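Chains here go by letter, A, B and C, matching the order in which they are written, and residues are numbered from 1 within each.
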Amino acid sequence: MSTATTASTIFLKNTWYVAAWSHEIKAEGMLARTITRLPLIFWRDQDGRVVALLDRCCHRAAPLSKGRREGDCIRCMYHGLLFNSAGQCVEIPSQEFIPPAAKVRAFPVVERSKWVWIWMGEPTKADASLIPDTHYLDDPGWRGTPGYLHYNANYVLIADNLLDFSHLSYVHATTLGGSAKYAGTRPKVTREGRSVHVERWLIDDEPAPFLRNLKTWPGNVDRWNIYEVVLPGVLLMDSGSAATGTGAPEGNRVDAASFFGCQAVTPETEKTSHYFFQQSHGFALDDPAVTESLTTSVLAGFMEDKDIILAQQRILDLDPDAPMLALRMDTALASFRTMLDKAIAEESAQT
Amino acid sequence: MSTATTASTIFLKNTWYVAAWSHEIKAEGMLARTITRLPLIFWRDQDGRVVALLDRCCHRAAPLSKGRREGDCIRCMYHGLLFNSAGQCVEIPSQEFIPPAAKVRAFPVVERSKWVWIWMGEPTKADASLIPDTHYLDDPGWRGTPGYLHYNANYVLIADNLLDFSHLSYVHATTLGGSAKYAGTRPKVTREGRSVHVERWLIDDEPAPFLRNLKTWPGNVDRWNIYEVVLPGVLLMDSGSAATGTGAPEGNRVDAASFFGCQAVTPETEKTSHYFFQQSHGFALDDPAVTESLTTSVLAGFMEDKDIILAQQRILDLDPDAPMLALRMDTALASFRTMLDKAIAEESAQT
Amino acid sequence: MSTATTASTIFLKNTWYVAAWSHEIKAEGMLARTITRLPLIFWRDQDGRVVALLDRCCHRAAPLSKGRREGDCIRCMYHGLLFNSAGQCVEIPSQEFIPPAAKVRAFPVVERSKWVWIWMGEPTKADASLIPDTHYLDDPGWRGTPGYLHYNANYVLIADNLLDFSHLSYVHATTLGGSAKYAGTRPKVTREGRSVHVERWLIDDEPAPFLRNLKTWPGNVDRWNIYEVVLPGVLLMDSGSAATGTGAPEGNRVDAASFFGCQAVTPETEKTSHYFFQQSHGFALDDPAVTESLTTSVLAGFMEDKDIILAQQRILDLDPDAPMLALRMDTALASFRTMLDKAIAEESAQT
């Protein structure tokens, strides 16, 4: 299996991608962001609803994000065409007739729990009930800090990373991870619909390094990472540690350090990606030092991921078709890639 | 019509391109400049005549611009071949026989009114009478300052900009342009031979912002932009403003602010361009403050053009075949592109 | 003959390339270096022997050079695979069975006289007796300083430069070269096996500029450059100057300034190269000022080469298929390119 798979070069269209954090799209102004190689412009209409249009004027391809907002419309500041929030051109200088083709593509958008989701495919198929539940992002029972990293790497390499936590013992040995014992455990991997479910337990081991500033226990802990990765690359993870015996699958998680992680990888182009993440804690809610320490640890860890993934991308660039050797630890990764390739192939067959 | 037209990727050969300002080619030294993807070297011979040769030694492709001038010859400083100003090799170290193929291509050059023109096609077809009249560049009845911008964009996008002044109301709203009323007027567009003629009048409106430092009138003005764009991208423009009633087509332009603009876009490569320009004023000739203010305004305005054109190029790079929607305001632009594509197609057919 | 020859884009495999200076590979740590577009990692095992492996984990293509040395093994720090110095995987976290394919390619390496040589082809053909004799690099009878330059140019352009010393009169007129008389002499060129032999004498001329700080003679000198360039690009050169009459072919080189140069060009990618060199002097062995002056002069001269070669590469990039005109001075260069193209064609035919 090489990265030169369908998934790396053709993008899934009929799916929800995380496009932005809510706070990135302000009441005034506009956000320009490219997703699946399409330039997009996002803004809020006067009712606060997020609008997403193709950031390319239908006339001469100037980006609307260089334009001017006029109420709920946007004016291209090259030659003055005015578009409403549905992408329909409503004014053309020097001519009264507006051709039906004078419009820019509008994309279905849903804003939910601080994330703005966009549907890049057929609008009539945009079913908001398909959006994964990420209420942890703004649930009062959880605390966390929004994060974003831009990657000069294909997004599937980032998804690969999320699908195999073996790397915690190596990439994150001194931060989010810990001993080699973690890599030695085997997760339970199942596939359901458009997601891969991974459940991983480390019983009776020292707490991970990053926990030292968050919580202490008299002895060892049981540690869990229970998560799913949903197409095209959204991770939803229940994780935590509790005193050994109380955390384990049948335990009651008494006095646990519990976390919920929401992460999303969104392709910008074939070689660049957006990465959105928030790790929320469900304990010590009123202690900002815990939130801050967790935020710092998570970012440090994710920079370690970025470092190895960019290195991997550099090596792959020298020989994109180099073979990769499938190992047992790749079960979830392989399952996800197969699912993604299949979904893309199905879309291609329909068009 | 997309930018992926003939004109963007194949260059017209049998035409005069502006290669340089006269002052860029000094008595000593050499100027290296790439035009239509061909590296060129320019210098002045001992009689002051400009010489243009391919900047690639026929031997091992070293650039002659890294060489040494020796009288009216230039020596390649890699292996010592000496070429005269006709491009003929006249000396080869270590051998007396000079093969007939030992020459570099020489290009017809004409220097006229501060511009150096080069003919990139068949030398026998280089007819100097085809060079557009740009005497305004150094006519004592006009004052202006030479300008140059390098563009990381295809040259036809710059020509497009010159062919549709609708953009004055948007790109230059606070500088060279003015109110939306300008974009609402319709130019008269005619095509003649290898040029497109555009005539545009704005009657009874406020003076354009940049005029404030140049001239004042008690009331509104009539404004004209009368220009032609000649293949492959040379703009010659009579423009100005005069008190309403005196400027209009049948007016006598009493107390007018009159300008003559010469601009030329020359392709460097498919994705980069040279842009030469001078806006001359025909009034207040002895007031250097007017020249300076005009120079500053024009450069500020042309940087606004550059900003939107580079943005347009970035969007086109994401999808070079994206469609563009033809509007009424594109009449001149479309006419010019058609003329350019046709001229290139005719050349291709001949070879 | 254009640079778009086989040799520029396909690399010879069954040959020894200089990979590094001995001192670049320390007892601890690792050296990452790409050769013939293959990423490699070099390190010393506990016996001090240099090991070279493909710098791409067989699992997910992460570079091993981001890994951790563990005795004579290296652990990939993405998912923890452990490889021994033969490239065999000896440990996989979470599974006991190690598939036979779990290995990375190991390359034959020979360290000799401060240079580390690598064989990029079929390991069974790696015959150390084919390695050119470069004992001058660390022979007590010679003194010199190791040098290295990285080039953004194809390696054959650098080899071209070494094969035609006509350029000394032009590129190095004020440094390593001298008068045009040098370029006017004709070398004797012979080909033998996988090397081209060049012998060049300049009789009764002023000493080269760089010699002024090294040695003085009462009058003119005879100067020799006798060298071979061995595939894929290793120069071995006996050069020097002696008082006229004593240096000439039949002379006894009394009171000579004698040098021995070892230089090697190694392709990194199609457009980038490694260049290793040491110019050793065989006189004034105990005068460090001579070594220092020679080192400085040689580096200054090689920067002049780099400047013209990068300029040449830039010109070639504009038109890779532009023709080149063969001249008499190209005899050695042409012979070497023919030999190299033939060797590559033979390899291609065998696979």
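In this text, a residue touches a chain if its C-beta (ideal position, glycine included) is under 8 Å from a C-beta of that chain, and two chains touch if they have at least 3 such contacts.
None of these values were measured; they are calculated from a predicted model.
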Between subunit A and subunit B, two touching copies, which fits better, same or different residues at the interface, with half of the numbers shared as the threshold? different
Rigid-body rotation angle, subunit C and subunit B, from Cα fit (steps of 5°): 120
How many angstrom lie between the centres of subunit A and subunit B, each centre taken as the mean Cα position? 47
Pull out every residue in subunit A that's touching 2 or more other chains. none
The residues of subunit C that touch subunit B in their complex are 3, 160, 164, 166-167, 169-171, 173, 180, 183-186, 307-308, 311-312, 314-316, 318-319, 322-325, 327-330
In the complex, subunit C touches subunit A at residues 34, 37-39, 55-56, 58-63, 66, 75-80, 92-95, 99, 101-102, 269
